[in-house]
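What follows are several structures.
Same chain, two partners: chain A is paired with chain B first, then with chain C.
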Partner chain A sequence: MAGLVLRRIRDLVIVLFLVGTAMFFIIHLIPGNPAIALLGPYATQEQIADLTASMGLDQPLLTQYVTWLGNLVRGDMGESIAFSGPVLPVIFDHIMPTILLALGSTVISAAIAVPLAIHAAAKPRSLWARLVTPVTAFGLAMPSFWLALVLVLVFGVIFRILPTSGYVDFGTDPGQAVKYLVLPIVVLVSHQAALFVATLRESMSGELLGLYLRSARAKGVKERGVLYRHALPNALLPAITVIGSSFGNVLGGVIVIETVFSIPGWGQLLYNGITSRDYQLIIGVTLMIAVVYVLVNLIADLLYLVADPRVRVR
Partner chain B sequence: MSVEAALVKNEEPGLVEGPPPPKRGRLSGWRSGLSGLWRRDAPAVIWGVVLLLMILVSAIGPFFLQSPAAIEPANRLAPPSAGHLLGTDEYGRDLLSRVVSAGRVSLGLGALITVVAVVLGTLVGAVAGFYERSAGVLMRLMDALLAFPAIVLAIALVVSLRSGIWSQIIALGIVFIPYVARVVRSRVLTLRERGYVTAARAAGVSGPRILLAHILPNAAPAILVQGVFVFASALLADAALSFLGLGVQPPTPTWGNMIGEARTFITLAPGFMIFPGLAIVISVLALNLVGDGARGLIDQRARAVLELERIRKKQAKEERRRRAASVSSVD
Partner chain C sequence: MSLLDVRDFTVDLDGEEAPVSLVRELTFSVERGEFLCIVGESGSGKTVAALSVMRLLEYTAPTSQTGQALLDGDDLVAADQEQMAGLRGRKIAMIFQEAMEALNPTKVIGAQLIEAVRQHPGELAASAGSSRRDVAEAARAKAVDLLRQVGIPDPAGCMGKYPHQLSGGMQQRVMIAMALMCDPELLIADEPTTALDVTIQAEILTLLVRLQRERGMACILITHDMGVAAEIADRVAVMYSGRLVEIGAVGEILTIPRHPYTRALLECVPRVGLVGQKELQTIPGSVPHPAMQLPGCRFAPRCHNSSERCTAIEPPLAPVPVQLGTGAGAGGMATALRTSDRLAACWHPETEPLPGEVEVSRQMSDDLAGPPRQAEPYLVLGGVSKRYAASARSESLGSTRTSGGVLAVDSATVSIAKGEFFGLVGESGSGKSTLGRLIAKLEAPTAGSISVGDVSVEQLKGRKRIRDFRRDVQIVFQDTTGSLDPRQTVGRSVSEPLRSLTDVRGEALEARARELLQTVGLPLDYFSKMPSELSGGQRQRVAIARAIACNPQLVVADEPTSALDVSVQGQIVNVLRRLQRELGLTYVFITHNLSLVLSVADRIGVMYLGALVEIADAETLVRAPAHPYTQVLLRANPDPHNPRRRSADGAETPMLGLDSETALVDRTVGCRFRDRCPRRQERCDVEVPELTEKRPGQSAACHFPLV
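And now, the complex of A and B:
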């Protein structure tokens, strides 16, 4: 088990190393001197030469790469142009909204999806079971930014009951903070819950064929207990992996809809980085997103190990 | 040779000989074309027709509608009317013809992205599955691509590559390579253990030829199904990129950039934002449901093969019993 964990962590480091290297070279191979882009059209030759030298851009690419990698290992992701300061603190300043949205919608989606999926699997002829396929298919087909705008139109413009853009910190005013988070989370949940319901229903239907449920019923376990205590844990196993990898979708979704709702998280940071050609910031945010995503998947894999002793043996 | 030929035949789902399956409705359906499809999965057929209609309208619609670029300054952000069935945008351009010609761009881009992803993904997956030594490196590379949420990787690549339609196609194509490569690899891993591959090897067929002529054709259905899902995801990712202003630039309309433009006007002209979005929803929904249907079809073939094997075993058993009975009666 410990070996398995170590191997997974080694793989993770390799993957992140590959990701960082690829990003470095792609971005540095773009023709054009970032110093010129930075200083604008009115810069003198000397200013450009100075900045090129101070950014280390006159060094051979390999030297630049080694320096960059060395700095990265020490936790230095370079300087952001737009924020005129080191990248890492800027990224940490913007971490809360993104993590809050991603985690919040994952938890809410799971809470909604479990009973719905169980009901649909247990009573395949009920109205809900017949509706579940079209409803989840619809949830999965909607572009998140479009749904966001439709909700803004309905709740922000027509009914005027919810704020449509901005973000309030939980520390300053929790009630207000929740109000601002409702619409973004509904958007994320509509996609994620649909995915969970679809996956969980399938694995649950498979579990319901298991003979151990008959044994449980024969022992006199109530139907609720049969479904939730006996079948659900087994059905959740494949779902853990899906929840882990759907976290990437959620992060991606957060990135896009943060720009719709003007939420100051990583999405807006990335978007600002792109519009101001702040490459260090772009690399930094992208790498951090990859780190979070890979870590979440690692946790999901470990949870799987904890939940299913059969995997540990192998 | 004839023994090997028989082996090969047994391995092929479509070529299994033996008694016709007993229950018509369930087993023989996949042989009898459209009516069988209809009986098996009517929704998938309906959504297939919807999909074909979307493609057809996007392909030839622009020839019948007014120009998507014709501006009518007096008639800005108009609600739907007889002259403009879906209303007009902020320059008074006809929304119907813009949604239709955006469909041509969006669906076309989606298709090209899918082709890039499927071709490269098949290559990677097939090599990684067939040549074990390459698997470590190739699949680690795929993991590196999967370490990003799709849209974030797409954003990073589009920003890094020079802007333009081709870099967008390549960027999104790369994003979806691992999703194809994984499916292909797992198919190749199963297929290469089949008897007909051993037979081909014994007959002296070269590795690449076995891969191309014997394994890939059998992996094709799974690749196609995955391709349909990749198409759907590519449409969504492409729409998100265009919406953020990182994709195809206006005035060329795409569904994504139309929604991006319409954002400013949602109070004045809600239709401007809603119709392109509906077009995306319908296309993605149709693709996903057709993909589900196709996947069911593949599974049913697998199931049909299993069923046939079961029947054949049963018959062999009966045959043996009968023979035993006749032998004993002679004695």
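And now, the complex of A and C:
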């Protein structure tokens, strides 16, 4: 287990290097100058040149890259232009909403998906089993920003039950905070739950052929116990991997959703960074997303290790 | 009243069209304390019947049952699943064939055992008091006690283990313990020993009989192996194509089978000692598909004695009158028959008893058509070893370390003459398959030399020379579903070696392929069929045709019949032997089936934990084995013609099979068999016995040989 963690940490370093490098060059390929964006349309040529020089942007690209990499190794992710301060604290200030959305939607999706998937797998002739494929396909195919807009229109504008956009911190008013989170989470869940149901039903159908279920029934275990106590834990194993690797999609979805609902998380941070040419902020957020992604997958692998004794021995 | 009373029990598979009867009008009963064996080949419906009595089949197949099945007054046909859950485990329990598959891989043994009691809390509450804690405590104690009873060495430690941490034999013991948690009155065992080695099989059967006697429990054991039934059953029921064709006391069924199918089934089991005497018995044709409508007896198309009546009217299961031929008078066997409990479904029951033990006279065996003993060696193995690395990673990197990992084959030395039928036997893990793969150059040996003819296999280099070698040496595998490309027609599979190893092309290629099909006894129209359309035996014929396509000199046959029914096994072996006569083939025939190899092979090599421990001709091996391990194997071999007698308490001398403990013996010092050997002495612990000749033509690796 320790070996796995060490290997993953090594992988993380490689991933961060690759992601950071790729982001660095892609951003610099985009036309536009942060100094112009920062100073606004009325700045003089000298002002722009001064600021460009002071930010080191007049250096050759390779020199800039080496400087940037050196700083990164020392833990310095640079200064954000928009927030006029170091990037890292800014990123940590905006972590809560993103975590709430990603984690909340994952947990809720799993909670919804398990019984739906079990029912579909255990009763293949039922109405739900026949509907599950088109329903999950719909959930997976529907663009989340479109669903978000429709939900806002229905619940925010027409019925006025839920706020259309914004975010309230849990510390200040939990009731309000939940209200603001409902719509974004519903959007995220619609996609994620569909994915989980599809995956879990597949592995559950396979597990239901397992001969150990017959043994369980032979000792008098009732059908509910057979499904939930015997089949489910084994069917969850492949699902753990899928949930882990789909977390990247969740983060991508969160970014779009935060922009639509004006939630001050990493998504909005990234969006604002891109519009204001805030190079360091963009790279910083991207790197943090990469870190989270690798960590979540590490956790998924460790969970797998705990859940499946056969893997543990190797 | 009988404990289980099954009457006109029919299981229908409800399909799109008319329902198909998988089991039809089954009638039998099981008394308390009785051991009934249901015997039949695959497709006979024996497992379907058992699972349907348990009402477990309907979970995985759309089946329904009619008729009557009364278990101590409870109607198993009419009960709903809720009521069945209350009966299963408590009054009727079941153990299954693949213990590894039948245990939940992610739950510890203890939890799985205790769960069995938890379903029926009433069972323990009476004795353990009312509090929940007491019941849990009692359940745990009972689980540990049962694990001890079934022979698990460290019961308490086993409770916390996962199924994959146990060997196959231990897993099956755990299954048995799990089934006994609520002290059922009837235990159904579905091929519980089929996947196990003969020695472990003997242990498990002994255990089952002991537990059954101790508890006065009724037992139904389902098996395809007449030898197993002969050993443990009180009564035997024979099933064929969904019908019960014969039932009666075990001694009578084995000696005087009345139904032609029962007789044929018994005759198909190779007789140990009849070395190379004649063709093995087979049953022509195959079991009819359940959906096939036959007006008369379902065995009639394969029966040697069928009449018009047989093909017109299905014979009912009826008491068979005792009208034995004059030859049966010996020992007053005929008069001892009670007609009332001996039933057979046949219009023309057999009248002759099976011949008893056949004594092979010296003279007869000298007439053997086999090769002269002193023929020049063709395949010569000199100290061949194969070490597998501890992990797949270091294996693929070609690790050459001389320690660690597994020494699958340990300095095998033997020479095999041209035209010889050489058998390799041993338990699983003995390295016999690995040795076969080394001979066929599918893997490279770690050390030692292999030469075939004048070719040194391990030094073979160059595309042309390897192709020449492949033409001469071919292999037939056990699993035909895996060894034939499912997307290639039979014709293509058979002609593939011709295409890749010879210059035969076009019409000549197709002609040769058709000729090959004929050679192995397949109809020509099979040329364009897919492997999935063929039965197991037919697929194995295709594999044989493919192997002999380029006229090889040597064929390695790796368990070619172990996935097949006994009636088909004979067909395949007969084909192999005919080819040997016609083409002068040399065989290395790998098998775990002692009866089979003893009746067909010229010489036999016995392997144990990677080493050849005895080499002798079949007759010598049967009559006077030199190595104690060979004797252990022979004793464990279930043989319906000569069943092992069991004493009243059900247990013969306990025979310890290979388990995870004895397999870990340090093979570098002393004899590798020492932990299991009844003749062990001090010398066995310190000195490695070499394979030396003990008598002319018989060598063994033992300090204290039996001869």
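Following the convention adopted for this analysis, the second predicted complex is superposed on the first by the 270 of 314 C-alpha atoms of A that agree within 3 Å, B and C clash if a C-alpha of one lies under 4 Å from a C-alpha of the other, contacts with A are read in each partner's own complex, and residues count from 1 in each chain.
Criterion: a residue touches a chain if its C-beta (ideal position, glycine included) is under 8 Å from a C-beta of that chain, and two chains touch if they have at least 3 such contacts.
Everything quoted here is computed from the prediction, not taken from an experiment.
Q: When the two structures are superposed on chain A, do chain B and chain C clash or fit side by side?
A: clash
Q: A:270 contacts which: chain B (first), chain C (second), both, neither?
A: The first partner, chain B, only.
Q: With both complexes superposed on chain A, which partner does A:22 reach: first (chain B), second (chain C), both or neither?
A: It touches chain B, and chain C stays clear.
Q: Between chain B and chain C, which one contacts more residues of chain A in the superposed model?
A: Touching more of chain A: B.
Q: Looking at the overlay, what does A:289 touch: chain B (first), chain C (second), both, or neither?
A: first
Q: Going by the contact rule set out at the top, does A:222 touch chain B (first), chain C (second), both, or neither?
A: second
Q: Going by the contact rule set out at the top, does A:234 touch chain B (first), chain C (second), both, or neither?
A: It touches chain C, and chain B stays clear.
Q: With the two structures laid over each other on chain A, which partner does A:251 touch: chain B (first), chain C (second), both, or neither?
A: In the superposed model, A:251 contacts chain B only, not chain C.
Q: Where does A:211 make contact in the superposed view: on chain B (first), on chain C (second), on both, or on neither?
A: second
Q: With the two structures laid over each other on chain A, which partner does A:307 touch: chain B (first), chain C (second), both, or neither?
A: After superposing on A, A:307 lies in contact with chain C but is clear of chain B.
Q: Regarding the shared-chain residue A:59, is it in contact with chain B (first), chain C (second), both, or neither?
A: In the superposition, A:59 contacts neither chain B nor chain C.
Q: Which segment, 131-139, 221-229, 257-265 or 311-319, is the chain B region that clashes with chain C in the superposed model?
A: Clashing stretch of chain B against chain C: 311-319.
Q: Take the contacts of chain A with chain B and those with chain C, and give the residues found in both.
A: On chain A, the chain B and chain C contacts do not overlap at all.
Q: Considering only the defined contacts, which chain C positions touch chain A in the complex?
A: By the definition above, chain C touches chain A via 51, 54, 56, 59-60, 81-82, 85-90, 93-94, 96, 98, 101-107, 115-116, 119-120, 162, 164-165, 175, 178-179, 181-182.
Q: Name, in rising order, each residue of chain A that touches chain B in their complex.
A: 11, 14-16, 18-19, 22-23, 26-27, 30, 137-138, 140-146, 149-150, 152-153, 157, 248-249, 251-253, 255-256, 259-260, 270-271, 274, 282, 286, 289-290, 293-294
Q: In the complex, go through chain B and note every residue touching chain A.
A: By the definition above, chain B touches chain A via 140-141, 143-144, 147-152, 155-157, 159-162, 232, 236, 239-240, 243-244, 246, 256, 259, 262-263, 266-267, 270, 273-274, 277, 280-282, 284-285, 288-289.
Q: Which residues of chain A touch chain C in their complex?
A: Contacts found on chain A: 209-223, 225, 229-230, 233-234, 237, 307-310, 313.
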